[in-house]
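Inspection log for the structure reproduced underneath, given as structure tokens.
When the chains are written out, they are named A, B, C and D in that same order, and each has its own residue count from 1.
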Amino acid sequence: MRMIPSASPGLPRRAVAELVGTAALVAVVVGSGIQAAALSQDVGVRLLANSLASALGLGLLIALLGPLSGGHLNPVVTLSEWWARRDEEGAPRAGEVAAYLAAQLVGAVAGALLAEAMFGRAPGAWSTQVRSGTHLLIGETVATAGLVLLVQGLRRIDRSALAPVAVGGYLMAAIWFTSSGSFANPAGTVGRAFSDSFTGIAPASLPGFIGAQLLGLLLGVALASVLYGGRESGRRSGRNEPNGPDSRRKG
Amino acid sequence: MRMIPSASPGLPRRAVAELVGTAALVAVVVGSGIQAAALSQDVGVRLLANSLASALGLGLLIALLGPLSGGHLNPVVTLSEWWARRDEEGAPRAGEVAAYLAAQLVGAVAGALLAEAMFGRAPGAWSTQVRSGTHLLIGETVATAGLVLLVQGLRRIDRSALAPVAVGGYLMAAIWFTSSGSFANPAGTVGRAFSDSFTGIAPASLPGFIGAQLLGLLLGVALASVLYGGRESGRRSGRNEPNGPDSRRKG
Amino acid sequence: MRMIPSASPGLPRRAVAELVGTAALVAVVVGSGIQAAALSQDVGVRLLANSLASALGLGLLIALLGPLSGGHLNPVVTLSEWWARRDEEGAPRAGEVAAYLAAQLVGAVAGALLAEAMFGRAPGAWSTQVRSGTHLLIGETVATAGLVLLVQGLRRIDRSALAPVAVGGYLMAAIWFTSSGSFANPAGTVGRAFSDSFTGIAPASLPGFIGAQLLGLLLGVALASVLYGGRESGRRSGRNEPNGPDSRRKG
Amino acid sequence: MRMIPSASPGLPRRAVAELVGTAALVAVVVGSGIQAAALSQDVGVRLLANSLASALGLGLLIALLGPLSGGHLNPVVTLSEWWARRDEEGAPRAGEVAAYLAAQLVGAVAGALLAEAMFGRAPGAWSTQVRSGTHLLIGETVATAGLVLLVQGLRRIDRSALAPVAVGGYLMAAIWFTSSGSFANPAGTVGRAFSDSFTGIAPASLPGFIGAQLLGLLLGVALASVLYGGRESGRRSGRNEPNGPDSRRKG
């Protein structure tokens, strides 16, 4: 709380933070998946290890990068933040949103390739793991809606400082309670198409998953509005953190 | 601490929060159980994953919904809160208690059906998992008494802000150390009768389990009274948080 | 910090807290061990579940009972606290120490019997699990010394409020990194002789283990003195928390 | 925050703290590896237990020893701290750095021998586990760079008080997401050559791993500089904690 820098970093440095952070996130998810698949014959044990490592990695990255860029690392989070803060002073501009999304996408692909290199695999193979079926898309929609509700709910109760622990913990739970593996991140989903491994997703399955994620984004925003009240109180809440350019920042 | 809203949400919004929250809780418990049973052949691994996901889900829901409705998500908690606060100003009225219980019940069933849908199963099959025997009922009584002691103990030592972590952690431990699976939630128990899966319970076993839970409620309240002192100090403690309508609120 | 009651509970209530708490602790350890052994064929999975549940249970009990009795639940902790505070005003008297030890012992046995009852086993069978050998005793000595160093170290750096998380986390780690299973608690060791199950210990192995624990107590106190300085600074530190009768209290 | 001692301990006591702490860390890593390998046939389960115990042990040691010596327990951390604080008043002198490194090295070997003794093995056997290959060295470089980025990033955002949880959590994640096992600690790597067990490393593999760790150190420092800004703001940040001789201290 006492560490708000005198000025936010400029957009270039924030975009670098989003790029590096999303790369690290995807490297953690993909890398721990490759390791787990190599070490255990029990798919439950594999997913336990993979989900624990992914949750810890995501939480640490939000903690570390939150004060720089907000620690979104996920287009769904960036878009939901843009929507929630659209009436505030200092709300994100369209150009900022576009820079964040581009950085996340590039970072996600780089992270998948780094994971492949760390495990001595030839980078560049597309995933062959088809993930389709209505129930998977329902699962992915629920996973994303829950994430958005969590991030926006924390903002509405002024508890965004808990985001590192809460979002990390949510990912761990959602990987288990949804049928889809809880990608819940369009950039991460694209990145994971670049690794033919435990956590990969075949390119043909991308449109369905990303569509489900965008639907989940809408549902999550709507649910937050139903539970925490509409725009009026939203704006009021925003005014309470006047110089916080992003709710996930810890400052 | 700094986020107490000027006024508590009205009863309808609090009831919606309890409904949505209990639905999410049961979806997490049932969904992660279905996933775990599908992925692992080792029942210990299944229960590890299921208990971890359930504990994280419960903790996050209490954190997120505590400031709205108290984040009970469980008739036993609602009833113990009503009892503990019956002499305070602003104590819950019978109508509020009834609305909470109804919302929790409806939410629990909806959550079980959502989990079934996420995993591509035909919703509506009753569980066939009979859970009976005196020792299971002893286990369920102990599990519920421990939960009530925890919630009321935190209230008495002014540490209700720890409820998300403490109640989540308790669920994880209780699933393992009791013989019954630690349902400890009459609404959740009913909801879980609607899923014929790892975490289900056959309708015929409901009366025994719910009876044990109510007995555990009484034991937990009594134990809290023995350890933390009787009503006198209880009222004193209540006066220390004058405008907190619920001990689990984080405000 | 703001919740120090105007007066500490009297000795009888504190002894009840130690009895109930130690019973709950042993019930968690023994019960989760029985459950884990029944569910998994992999001893590693069994110990993962057993250690996680035990760590969570211990942490929650310290948090809940710390403000009442200090939340020792362990003769080694009571004795190390007595030693560390022997020169302070309000230091524990011999009668208090004796009452704590007796309550812990009775509670531990009761907790083992409760666990047996919860799992439908005939209470009263002695454990047949012989635990002997020099290396196990070295392990148990290390486990206990580490616990004492942790508790006294937290006191010396004024971080006793972290005891619930730290001591729980330590137990989880110590169960794995020592060869003995990290009983590290003479009362709990006696209690676990009353259950012929995963976490039991044959009565013939009690003297060796309890001897090792007392040796570990001495080593832990000595190590804390080496690292954090001798009695002079110890007394100074004590003066900084004038009315805290126990370092584990959270108030 | 309120517990800063009037004066830091002298170098001898700080070196003892680093020696004891590194010994304990290596004993936890090696000991839990031996235990896990003995109990489970599934290598995934072994690594889950080993990584959980190691992460908890490291976090507790940083918490306990941070106020004494900074709780480095790792030459890479000591060197990165020296670099980050080289322009501050009270920056570590070369002699202090050397004493820390020597203490860490001696402690690491002692810890490995203690673990061997606890498990009844004849101490002194060299590890026969060859760890080589370019991709492992990439993994080890990434693991170390991430650790340095984390420690320096926490310093730059004034969140070094989170180091116990963050560094412990990082270790858990990094063990899984990198291919090398995430030694990330030259002293620990040498110590682990002294145990022919699950977590050992053959002496012939030491040069490669330590070289990768030093490369990771450089990359981590560079990455922190890119993300958080160069020396100017670094010095500013240093001035904000005038009497903190080490960023990992919790005071």
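Everything below uses one rule, namely that contacts are C-beta pairs under 8 Å (C-beta built on N, C-alpha and C of every residue); 3 or more make two chains touch, one makes a residue touch a chain.
Small disclaimer: the values here were computed from a predicted structure and weren't measured.
Q: Going only between touching chains, how few steps reach chain D from chain B?
A: Each step joins two touching chains, and the minimum needed here is 2.
Q: Only C-alpha atoms count here: how many degrees separate chain B from chain C in terms of the superposing rotation, rounded to the nearest 5?
A: 90
Q: I want to confirm something about chain A and chain D. Since they are copies of the same sequence, is their interface symmetric in residue numbering (over half shared, so same) or not (under half, so different)?
A: Different-residue interface.
Q: Indicate the whole-number Å distance between the mean C-alpha point of chain A and the mean C-alpha point of chain B.
A: 29
Q: Roughly how far is chain A from chain C, going centre to centre by Cα mean, in whole Å?
A: Chain centroid spacing, chain A to chain C, equals 41 Å.
Q: Would you pick out the residues of chain A that each touch at least 2 other chains?
A: 42, 45-46, 48
Q: If we count contacts the way the header does, which residues on chain B are in touch with chain C in the complex?
A: Residues in contact with chain C: 42-48, 133-135, 138-139, 142, 146, 149-150, 153-154, 157-159, 162, 166, 169-170, 172-173, 176-179, 223, 226-229.
Q: Under the stated contact criterion, what part of chain A meets chain D in this complex?
A: Chain A residues touching chain D: 2-3, 9, 13, 16-17, 20, 24, 27-29, 31-32, 35-36, 39-42, 45-46, 48-50, 52-53, 56-57, 59-60, 63-65, 67-68, 114-115, 117-120, 250.
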